[in-house]
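First chain written, first letter: the chains are A, B and C, and each begins at residue 1.
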């Protein structure tokens, strides 16, 4: 990796950034939230080919190609019905290589560039001319034992890798890994949106599975709550540290048990409307927080995304196709009930993320700088970038301090990009601390103490892996 | 011009910025959107005097003087009834010179300073003491052939200059230029707000003119649509590349033809209310997009301004008096219908501008980084500034990439400031790219390829002047 | 103080920043808005102990400790009923010292560090080990004549210190100081929220006091207005320069006299609802502006805070406990009536503050860059920080210019931090101007002229202490 990537031009800042970075660059990686698949590590079979490893599953990549007029079919993105354009994955790779210049200056472009360098160990630049050369090189790598999922986990120096799974998700891949004796720590994160969002088309189907998995009667609201409690326990037994909630809005509101049960029953009958969906989601956030105070799972909220904005693409190709667009988000009023109820609870931690950067200084940092339970997740998704991470730190640290934010969380579905993503975060943090040092805001001692916390320590404490935050 | 204006203090970044800037500083200027007047180039008579050239038409200038208590009358701003304080334009210039220190650190101050240097070729600083000296100097220039409108166009190395005109605007000045044999390319931009905004006091009058100009019966909605189609053709025949829409909100919504016709008829009878105005505007954006897919005009939207905020100034002096204030703007939900209908259409381009910078990372960059038709216009109006342009690039490029934004668009009504405005944009872009290079984010090759695109190439492609975007 | 604190790493910028800073660092301090107490200067008795001087009154400090799980009781924060945990203030100090690392990178951390250095003249770093040493050192200082309130005022080179007081506040401490012959200038700022917010639980009680203090019949709306006018005069007689309004929203709206009186009467009967409260507040802002045009008090608005977000802490400990969280704020539409009525009045000045930074470029700078009466207060509260001040200047100056903003306003309740706060602002401004100079945006002459204006001159003119803005 470029020894000075991201570091400031100023030679004194750069020198300090480099020293800080060197002091932590070899610390293990913690990946407490992301979208890789347990199956990969259970089966440990080689990845198919460069295209299906790098392009097809990653909407960060194909959305940009689509935005300049390249069709999803020509990229062989699978359709909802499972079908897929015929053709050679190599042709997709060639298209990608030809248009790779579109990614100049984007995090995706940098991830790919550095992933090729450090994971696939090649300096050949990705462009139209080199398309086949690189395809063949990566393809050969994938046939090598060193590039099987478990080997990658080990080479990447991962200490923890969390997948994200619905309440109705069958955990057998995780169980399989646990039984296998392999030392890797692949844990699930409990994301019950599949059963708490009564507006989902697959809600009833998911409820059914949840009932089967737990033996609880999900025809009643109390049965449903019991099933959730049991399911959380199942996840915990497989190493789960946290829950996650991908809600439209972070509104939290406790209903009476009777009112909640009434909405639930309405929903079972297919008679719940949008308002019911909203208020039920608000109530379920309260319930999930309450259960977290009992079982200690760290609660994460990822709100404020308009999913599947492009209806015709959704109808044909389904979700996660790059058409998820953020919307304005409000936290001060929306989180009030939850924070008033549990924000000072000694056994509760709430990690909040946002795509609405206007809330950094105005709402999130003041809230995290007050409530003991609340912590801020790092710059998320589109903002998991050089400028995005700088804006995050520059906006929140002065009000919330360094100790009310978590360390880096990669949130990726692209396994081979994990070390690069962590490396970027560590570099950007090192440069940020070096700046503060050179400007007299932090002493050298403070900067040196903060560096490993940001790179590793805070994440470990926040996600209950070791140590205590308070 | 100061050889290093805007360049970073760091010597390595500065060196690279200078090299990048030198490589493109002499490229021709494209001005595909602005508010100069075709009449100037048709008549090609000398500008009257320094005050009427530089101060009176430019609300960027007189709003700042007004803000520190200088009355519009003392600046001889014309009143709505056409009257104007008596007095010598030189006195207005003296006031301007005396208070020019108010513009320290503002783009307007820098434009004036550099315009004096490069267009009027004088280094005398503008202040109270030098007021007369500079007035006389500029006045003498204006009497020189070199300062006539066509000469300025040529000296400025303009390749295209677009005016902005209503649907009911008589294009005879443009026709006159076209017939004159002069090589300058002065084209109109089609801005039909005068007939699509049924809330305007002059709507009926404009409709009448539109009917006359096209021979269509604007008493019916279908006649109105036909008139618009014809009018677009008239504009296209004079070189028009684009439409522009100065809507209050970017809300887009298709009505049934019957509902649209009903509102139109209500409006003709003077019975349309605010809600009708809103929904009709939303429908007309859909219609304009549809027509763009047919005739290829690039559609521009400039939303989110509260016009004429100061009622008493509006009553006396009319619009464009500096009292237009931005308001919050929403794009994700508002543009959904339009983008779902036309966002992937191969013959459609939508350029979106904003004064609400909060939408850069949250809404606009994600949308532009997905929909093939959508592109982002540069930092607009108040944000057409050093910091404003930096914030724009730092916010949108990481998500949308460089190839989903247009190059610079000056949007000026101050003809002599055009080269300076372009020069500023080129300098700021050069410095931005140099930074990315020195920090390892762009390779030198990438930065060198992007520089002419930002300065010239992207604008040319986006506005259909040459080449293709996809 | 660290000679280069906050200055840019670049040696040329740093050199210029240092020169600019040196030229103004010894100018007197103006503190036209804050929350110190007149009693301190009237009585001039020594401060009790380090804890009660530095920790207990300062929610900036104890909110951060609370956020990492330290209870308000263990910090001996007084409860609503006046009671307080028993214990030694030294124990609180020890807790503070132990957890002082939480403040790394925050303005509060820097204020404390530099306050220890410059006011208490010690370089011993604050940490667990040094807790007692520092406690004893400060405690010894406080017993010294040099650390009594009046001595501090003089040592700090204060020229003006404004407290903030309700309309029903008894001004006898201020009168006492005025009569004492002491040269210090301790003036009140008129903050009538206690009687203009009909939703306050203590409203009737405050009205009663207001009646007593003025001899007016506050049972009628016209009597209430007369009382306000008289009270403003009382404040003015004690040197008051300004009013302040801590409204939820900056909405301004004039009611008919009859409607206003009706709501007032309803409120007296305990029958006003939330909507009444809102509209009455909007009307009272109009009335306060009108009175300002008559008596010349500078009107300040501090809107957009959700007070006492943590209900259980509020119930037990009362307000100002760190749980005030900003919310989104709108100015363009909300201030329209006020600015249309008084925004160009020659005897009116309106200083607007915000915690919603999204309004800087979008609303506040455009408004201040147009209306003669309107000025922008500096970065407020959470944003009174290194990054916050940079964002403020970078966002507003290009549109509003330097002369539509006020100089620094410290807004503190921590007396010994005043010189440090001003010093930080002066340093950050010096660095900002140096940057603009080195990048060619300001000439050296412009930067040198602006420096003392930002440090001293603008504040003096805005708050009617000397000179005129227009």
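FYI, a contact is a pair of C-beta atoms (placed from the backbone, for glycine too) under 8 Å apart; a residue touches a chain by one contact, two chains touch by 3 or more.
Note that this is a predicted model, so its numbers are computed, not measured.
A.B. asks: Hey, how would you classify the chain contact layout here, line, ring, star, complete or other?
C.D. replies: Contact pattern: complete, every chain touching every other.
A.B. asks: For subunit B versus subunit C, which are copies of one sequence, does the interface use mostly the same residue numbers on each side, meaning over half shared, or is it different?
C.D. replies: Different, since under half the interface numbering is common to both chains.
A.B. asks: Rounding to the nearest 5 degrees, give the angle of the rotation that lays the CA atoms of subunit A over those of subunit C.
C.D. replies: About 120 degrees, rounded to the nearest 5.
A.B. asks: Nearest whole angstrom, what separates the Cα centre of subunit B from the Cα centre of subunit C?
C.D. replies: 40
A.B. asks: Counting only residues that touch at least two other chains, what does the list for subunit B look like?
C.D. replies: Answer for subunit B, listing residues that touch two or more other chains: 8, 10, 358.
A.B. asks: Across the complex, what residues on subunit C touch subunit A?
C.D. replies: 2, 4-10, 63-64, 66-70, 101-107, 110, 125, 306, 309-312, 322-328, 355-358, 382-383, 385-388
A.B. asks: Can you list the subunit C residues touching subunit B in their complex?
C.D. replies: Counting only subunit C, the residues touching subunit B are 8, 10, 12-13, 330, 332-333, 336, 339-340, 343-344, 346, 358, 361-363, 365-372, 374, 394-395, 397-404, 435-436, 438-443, 446, 449-450, 469-470.
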